[in-house]
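Chain naming follows the written order as A, B and C, and within any one chain the residues start at number 1.
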Amino acid sequence: MNWLDWLNTFFTDPAHRSGPDSILNRVLEHLAFSAEALALAVLLAVPLGLLIGYTGRGLFLVTALTGVARALPTLGLVTLAVLLAGVGDTAVLLPLTALAAPPLLVAAAEGVRGTDPDVRDAARGIGLTHPQTLFQVCVPSALPTLLAGARTAAVQVIATATVAAYVGLGGLGRYVIDGLATRDFPTTVGGALLVVLLAVAVQLLFALLIRSASPRAARTVHTDEPAGSPALSKDSI
Amino acid sequence: MTTRPVRTAVAAAVLMLGAAACSSSGGGDPLAAKTTAGAGGSGKTVVVGSANFPENVLLASIYSQALQAKGVKVEEKFNIGSREVLYGQLQSGALTVLPEYNGALLGYLDAKSTATGKDAVNTELAAKLPAGLGILDSAAAEDKDSLTVTQDTADRLGLKSIADLTGKAQDLVVGGPPEFKSRREQQFKDVYGLTFKEWKPTADTTANALKDGTVQVGNVFTTDPKIVQLKLVSLSDPKNLFSSQNVTPLVNKAGLDATGTAALNAVSAKLDTAGLTALMKRVAVDKEDPSAVAKDWLKSNALN
Amino acid sequence: MLDGEPLVRWHWLGDHLGYLAGLTGDHAVIALVPVLIGLLLAVPLGLACTRFPRLYQPLAAVFNVVYALPSLAVFVVLIPYTGLATRETVMVPLTCYALAVLLPTTVDGLRAVPEPVRQAATAMGYGPWHRLAAVELPAAVPYLIAGLRVAAVSSISLAAVGALVGRGGLGYLFVDGFQRTFPTPILAGIVLVALLALVCDLLLVAARRLLAPWAAEVAR
């Protein structure tokens, strides 16, 4: 059996065509967890990050929060959440949100802070209020950074959501875990491939978004940057 | 300019030392490489493995300590996977001893086997196992797979045995470990004519999933203390779909000498279902360490 | 779901200090040795990428995909080659993840030397190796350490997943606690993983202060 045979076995299995174990259903489950977690993280982290970046206050908070959140092991959080809240979407949503929030928080703060100070001063000078300056000047210029943060968050969440299957939830991790339990390599490898495809698709989507959000001048500057280097997490503030 | 490379080198050395200090701080290896030299240990190291559920860890711990008491060198690899994963490791010799359940093992080797009863199962097992593997004496202790429901479900649907599920199974969701479906789906069809609405892999939370209604029928081990704790009812199995499940050491014969064999057979001679259930309560409910519980049991049976 | 089980059994923690220390040590080895190996690979690869810029785009793309691989699936697929419940099964993928993080930061760091400085070094009679050791690598140190911080913390967090294939250091506490409806070890594991990550991070910050006192923070 080689890898191609495994994949062939996986994709031609009738159980993977329809019903709860179908590829379509598992992909949708996986996307649903991931999107929910990402949306929740955006709601929590982005406003806070914008505020911190604009006022310049609480940057230490960003460093501390992101450091701690990044160090939290998802497997531990998921198992604990299941013991406390029972098997259900909450159990996987909270840990994945904790995973997605740090890069978003950092990106929002960094992006706003990175706005050209002269432009900001000019905006204030022509009489824009603080909220107007933030939303009409800083946010647009922070958008590419923010989207890069969202891309990191999305890829991490999609790759990590596989762990949900360990505690009995659905998603593509189901294939990985069930394949391990039954020593069924085609299923594990097929599931892994789908996760990677999903992650790559999301990266491409974000690459397009970032491109269209970047001002023309910036595009030419950024062309020699690798297409979404994984270190993207701007860890160093 | 010249001081910079020096400084770089010094700091690099500091980094390396830091990492080395980190890596040696734990001293030994708590899990995988626990090699214990027994008093008169002379032979090869026996690797005792266990599947990924607490009772199997407890049994493996009993085996490991019984072997060590007789001077056998043991390495423990506990809680590492399902039978499907471990069996290959035993064949390759990466594991030497594994606590098994004779009926489940036979079902794994031959899904169509109809043998029931300890002796019939063991006779067939001995014939079906590949040449390098063998089983030792079975214990009286049994831990059967079961289909279990809540008291409420049992009353509502009038369930006493698995056969009572006829005509009702198609509305019920069944839960169990991830491997449960591929092992049993066809058997339920063939033996009882049952097709469930859905198979949910509820893993270690099956008993709780029954309680909170995520699944209505669950695959719970009969020695699981949660059956009593959560007032669950295990359905009887008149057609013996779940065959005899005596705790039995499965061994790679080349890796175990006569001393080791005698030590494990001595364990099987003393281990019964009531005893195992009591030990499991200490592990799963009182949260005592499996190794400590195993030690107590060996001591009270003069096997230490 | 806890059915009367307390969130923390404090006496369990007290009784298991040695056990927890052992798991922490095991975890540190499984998680951090791959980061060191990743660093040792990233520097020559990064150098190659700066010398041959065409190499960088495809390599970066490959490591991007590697980074998205679910760790558990990679562990499972490696079992036939590296064995069940062995350190290697967990450490090989972690090395790849570390490399995926470290390669771009290394390249950024090596590119951080302004061309005039490089030319000045050449004019002073530095050969390529001397210039590398005296100018380019020191200049890359802040970048490397920024990369190491990300790599170390995520490696520590990911190593726990190895427990699902029998070798995950502190991750064992999650599996054990989950199987026995026992939150105490899970909480202990979460705290210890976070502490280990924090200690490594602080060590790396200290190393940067020592190695590159001129660089406050690399704001990339």
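The rule is simple: a contact is a pair of C-beta atoms (placed from the backbone, for glycine too) under 8 Å apart; a residue touches a chain by one contact, two chains touch by 3 or more.
This structure is a prediction, so every number in the text was calculated from the model and none was measured.
Asker: Have a look and report which chain pair racks up the highest count of C-beta pairs in contact.
Answerer: A-C
Asker: Which chain has its C-alpha centroid at the greatest distance from the C-alpha centroid of chain B?
Answerer: A
Asker: Between chain A and chain B, tell me the centre distance in angstrom, where each centre is the average of that chain's C-alpha atoms.
Answerer: Comparing mean C-alpha positions, chain B is 37 Å from chain A.
Asker: Which integer distance in Å separates the CA centroid of chain B from that of chain C?
Answerer: It comes to 34 Å between the two C-alpha centres.
Asker: Averaging only over C-alpha atoms, locate the centres of chain A and chain C and give their separation in whole Å.
Answerer: Distance between chain centres: 19 Å.
Asker: List, in ascending order, every residue of chain B touching at least 2 other chains.
Answerer: Residues 81, 85, 205, 208, 212 of chain B each touch two or more of the other chains.
Asker: Using the touch rule from the top of the page, what residues of chain C touch 2 or more other chains?
Answerer: 1, 165, 175, 178, 181
Asker: Mind pulling the chain A residues that touch 2 or more other chains?
Answerer: 82, 86, 166-167, 177, 180
Asker: Of all residues in chain C, which touch chain A in the complex?
Answerer: The contact residues of chain C facing chain A are 1-2, 53, 56-57, 60-61, 63-65, 67-74, 76-77, 100-102, 104-105, 146-147, 149-150, 153-154, 156-157, 160-161, 163-165, 170-171, 173-175, 177-178, 181, 183, 186-187, 189-190, 193-194, 196-198, 201, 217-220.
Asker: Quick check: in the complex, which residue numbers of chain A touch chain C?
Answerer: On the chain A side, the touching residues are 67-68, 70-77, 79-80, 82-86, 110, 155, 158-160, 162-163, 166-167, 172-173, 176-177, 179-180, 185, 188-189, 191-192, 195-196, 199-200, 203, 224, 226-231, 233-237.
Asker: Taking the complex as given, what residues does chain B use to touch chain A?
Answerer: Its residues touching chain A are 81-82, 84-85, 88, 175, 177-179, 182-183, 198, 200-203, 205, 208-209, 212, 214.
Asker: Residue numbers of chain A touching chain B in their complex, please.
Answerer: Result: residues 20, 82, 86-87, 165-168, 174, 177-178, 180-184 of chain A touch chain B.
Asker: Name, in rising order, each residue of chain C that touches chain B in their complex.
Answerer: Going by the criterion above, the answer is residues 1, 3, 5, 9, 12, 16, 19, 21-29, 32-33, 36, 79, 83-87, 133-134, 137-138, 141, 165-167, 172, 175-176, 178-182, 184, 200, 203, 207, 210-211.
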